[in-house]
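Two complexes, one shared chain (chain A), two partners (chain B, chain C).
Take a look at the complex of A and B:
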């Protein structure tokens, strides 16, 4: 029992943190306006550290809580990722109108992090579903958190409706899976599917239904329609969180599902994922070209990045999974930095239209350079994390002999560089008026963390790659 | 391992760039001085490398090796051979003169010089890389400095278009090459990006034939190969002077250098298989570039297209795949780099004073800036391949080399000498001689001492190499011998 409790210690602590936030809201009235940001962030970092010291599973794989959870390094890595993402997001939320001083906002953020953390280690259909809902429901509220703004309310509602729909489809897949295999355990289902008790066509149907659900989470085409509106309307820090941590959670679930229950059907889902990846990249990048609003543009770019990450999944080899994981880590820091800058500029200028960023280098050289760093990283330019991530993902496609997919990826990174460069040019243009943008210490710190992450991931590979190597090895092993 | 001279040389500009970008926002003069100091250090270090490279030993020297990502066979692996040394010296010269002629940049100088320094790091890194991954790392590092410098400080009419076109073409080239690189990485018997090991990997003929075009064409796009050359004139014209100098003088060499180092040296059988196709494209480069240069009305476009033409000669030299051709190509890379940097610097000086690049509205500049006129004429003589100048030393072996494999190509491309002479002489006469047009102020300021030093230094190298080719030839020869052994002994 004690060991069983220990493995979910981080989640328990997260729950306590959420409770504390709500409690302090009542007890501690004369707090400064960035108190909750720092409180939440520090709490999350401590929990992250605790999980590093007490929860590192190394090369062990273990099913606990009656097979509900699987403790392995993949879950460990992603939990750290979510905690980091949530901590940075809470710092960016400081001083943002209508959310920065609301305890509920931070409590919901932490609760959705609990859900994600369970998503990354869930090994049972029921647990998986519960974890997904625990993540999603707070996210629906957070997306619509600025109730005085129509955009935000619209975005929350849209996210809820699309999310409910995707959930239902996925649940239908789950129920078929349970109905035909008689078990809800992912690592039990695999044996039944392998024994041939379920016909192939039925398996493919289930696969498709479930992928639809996960595809919604990672905003893969054709399940992406919510993303632009929701990213656009949500409070900017939440858009950042949605596009990074929430996407990563979708990916770990997808990868775990494919490499557990469906690990013997790789030839089928490999092709399916490759096709989805292709469509996703093209849709994201081509539509991004036409955007006039930076948040919308990032929404489409985020769709496109889901496509690049799917290349690694489609390749389905060791390198591919490793690459996808590395990509997700680098992408987290990169996109959070970008949304952070957007959030700060938006607060001052009242707009996230690309036009509002013209001549940013004059108003705030620091912000312009950070935006430059994150755009270059997204474009896959060294010495930033995006470069090695893209090279790894492309390499995995080459190793799997998916040369066509590699070419599609390469072509897309050219298209993407075009619009990233356009934004870079606009932010670095000369302007007459100089409208200084104040950057508070909290934001500086959060941006500093992100930029450090981007550069460290882009220059020092070995420690992180070793970590994701362990994670991917254990993820891909059934027993 | 000893003193890591290559690393120091590569990262001095990078650190200078960071210092300039973050430390000299309010001090424009300081930013220029830091950049100048860094570029002088780099130049002196490249001379030191030149002097201490052991010709007896030949091969790759000044090796530095630090495992970077051992699982995938990626290492921080530096080293240079003779040709690499020549390219580093070229880079040192062009960066130094580029800083000198940019002294009058007064719009956001700290950013300008910082990006210039980053660009220098990228180029020096590519020439020194002995790891394929590292080579791409340095190559792509150049994307944003190039783009930003063109769109911010470039010529207002075309900078958006020219900057984007240039950056995207170069990126397209590098990712095509990346596809080829990944493919041969997985085809090699050992998982490594080590270029020296990959030379010995013994790829099967099928692999070589299939992937050679990706690697070669990808990199050659950076060198301005037809029909992917159009970024070069547009980009060079849109760019500010120092960047035109670096792009045409050095970046195009980066492209052909990588095409040689990676495509031809790793996949020699692929090179032999595709050599005729390269010859065809390169011949078009030479002739077409020269003709187009002749009809340009814009001073800078003349030089832009002349680069396309001259880079074609380098590619012809490569594709002849014999000792003479490769030797000539190596010399031409150096000679053309210096020459085109000189041309672009003079175009910039003329433009700064007259605010026009229309050949028709220029004239009599020799009275205002005799130094520039002399420099331009020396460059012109090099460009025409006049004996006594570096151009002759470089072009003659190329024609000799290609004569032995494809006489027709030699004959056709030799025509370009005549066309080159025509457009260079026409340009010299129209811009520098005749009467000063009335709308130009005859008392316009002459060129500064820094400009004169730049012109003098670049001219000096072209003349010295022309008269004493022995300074450079053994260096290139040591590389050529190595390439010939890879090609199966010739």
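Take a look at the complex of A and C:
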């Protein structure tokens, strides 16, 4: 029992943190503007450290809580990723209009992190569904959190309607999966599917239904309709969180599901995922070319990046999973930095249209350079994290003999580079007016963390690569 | 004794009606109701399968029952949040019809 409790210690602490935030809201009235941001961020970092010291599973894989959770390094790595993402997001949320000083916002953020953390280690359909809902429901509220803003409430409602439908479709797949295999444990289902007790057409139907649900979470085409509207309308720190941590949670669930329950049908889902990846990359990048709003552009770019990450999943080999994980870690820092800059500029100028960023280098050179770093990393330029992750993803496609997918990926990177460079050109344009943008210490710190992350992941990659190697090996092993 | 397949066909029809409703309905409240139909179809599936498996194996299983309870709880939470969001949209826009919510596009 004691070891069982130790395994979910980080989640228990997260729950306590959420409670403390709500309690302090009532008890501590004369707090400063960014008190909750720092409180949440420091709490999350401490929990992350505790998890590093007490919860590193090494090379062990173990089913705990009656097979509900699987403790392995993959879950560990992603839990750290979510905690880091939430900490940075809460720092960016400081002083943002209508959310900066609201305890509920931070409590919901922490609760959705608990859900994601469980998503990354769920090994049972019941736990999986519960974790997905624990993540999604607070995210619906967070997307619609600025109740005085037209865009925010609209994006919250749209997210909820799409999300509820996608999770119902996925759940129908789960019910069939349970019905025909007689168990809800992912690692038990695989044995029954392997024995051939369930017909192939039925298995493919279940696969379609479930991938529809997960595809919604990772915003893969054709389940991406919500993404542009929601990223555009949500409070900007939440858009950043949705496009990084929430996407990563969707990916770990997708990978764990495919490599446990359906690990013997790889030829089928490999092809399916490869097709989805192709469509996703093209849709994301081509639609991004036409965008006038930077948040919306980043939404389409984020759809395209889901496509790149799916290449690694489609390759389905060890290198592919490793590449996808590395990509998600690098993408976390990169996209959070980009959305952080957008959030700061938006607060000053009241708009996130691309025009508002014209001549940003004059009004704030620091912000312009951080945006430059993050865009170059997204475009896959060395020495940033995005470069290493792209190389790994493409290498995995080559190793799996998916040369056409590799070519599609490279072609798309070039298209993407066009609009990334376009934004860089606009931000570095020489303009007459100089309207200084103030950057508070909290934001400076958060942006510093992101930039450090981008550069470290691009330069000193060996330790992280070793970590994701262990994680991917353990994820792919059934026992 | 009604055979398992009848339940499954019923649930599939219910699910299809729900999905059809989600796709064709314009009012957000009606879409939420259609989602509830889909979730009910899932619950019928679960319970029918659960009954079948326990009859077949003779072993007492609880996982499907737990699943159904959790689906209920999640559906209730989702409906609560959904209605709250619908109210806040209504306060801003005086409408809850999805095609009229078109500030975000492009």
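The rule we apply is simple: the second predicted complex is superposed on the first by the 479 of 479 C-alpha atoms of A that agree within 3 Å, B and C clash if a C-alpha of one lies under 4 Å from a C-alpha of the other, contacts with A are read in each partner's own complex, and residues count from 1 in each chain.
Everything below uses one rule, namely that a residue touches a chain if its C-beta (ideal position, glycine included) is under 8 Å from a C-beta of that chain, and two chains touch if they have at least 3 such contacts.
These numbers were taken from a predicted model, which means no experiment stands behind them.
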Chain B versus chain C as contact partner of A:382, first or second or both or neither: first
Touched partner set for A:465, first chain B, second chain C, both or neither: first
Contacts of A:292 with chain B and chain C, given as first, second, both or neither: second
Contacts of A:305 with chain B and chain C, given as first, second, both or neither: neither
Contacts of A:391 with chain B and chain C, given as first, second, both or neither: first
Touching partner for A:365 - first (chain B), second (chain C), both, neither: first
Touching partner for A:247 - first (chain B), second (chain C), both, neither: neither
Chain B versus chain C as contact partner of A:403, first or second or both or neither: first
Contacts of A:413 with chain B and chain C, given as first, second, both or neither: first
Touched chain A residues, chain B compared with chain C: C
Sites on chain C touched by chain A in the complex: 8, 11, 15, 18-19, 22, 28, 31-32, 35, 38-39, 41-42, 45-46, 48-49, 52-53, 57, 63-64, 66-67, 70-71, 74, 77-78, 81-82, 84-86, 88-89, 91-93, 98, 101, 103-106
Chain A contact footprint on chain B (complex, rising order): 21, 25, 68-72, 74, 107-108, 111, 133, 136-138, 140-141, 143-144, 147-148, 151-152, 160, 163-164, 167-168, 171-172, 175-176, 178-179, 182-183, 185-186
For the chain A and chain C complex, residues of the former touching the latter: 125-126, 129-130, 133, 137, 140-141, 144, 147-151, 153-158, 160-161, 164-165, 168-169, 171-172, 174-176, 178-179, 182-184, 228-229, 232-233, 290-293, 296
Chain B partner contacts - residues on chain A that touch it in the complex: 361, 365, 369, 372, 376, 379-383, 387, 391, 394-395, 398-399, 403, 406-407, 410, 413-414, 417-418, 421-422, 424-425, 428-430, 461-462, 465-466, 469
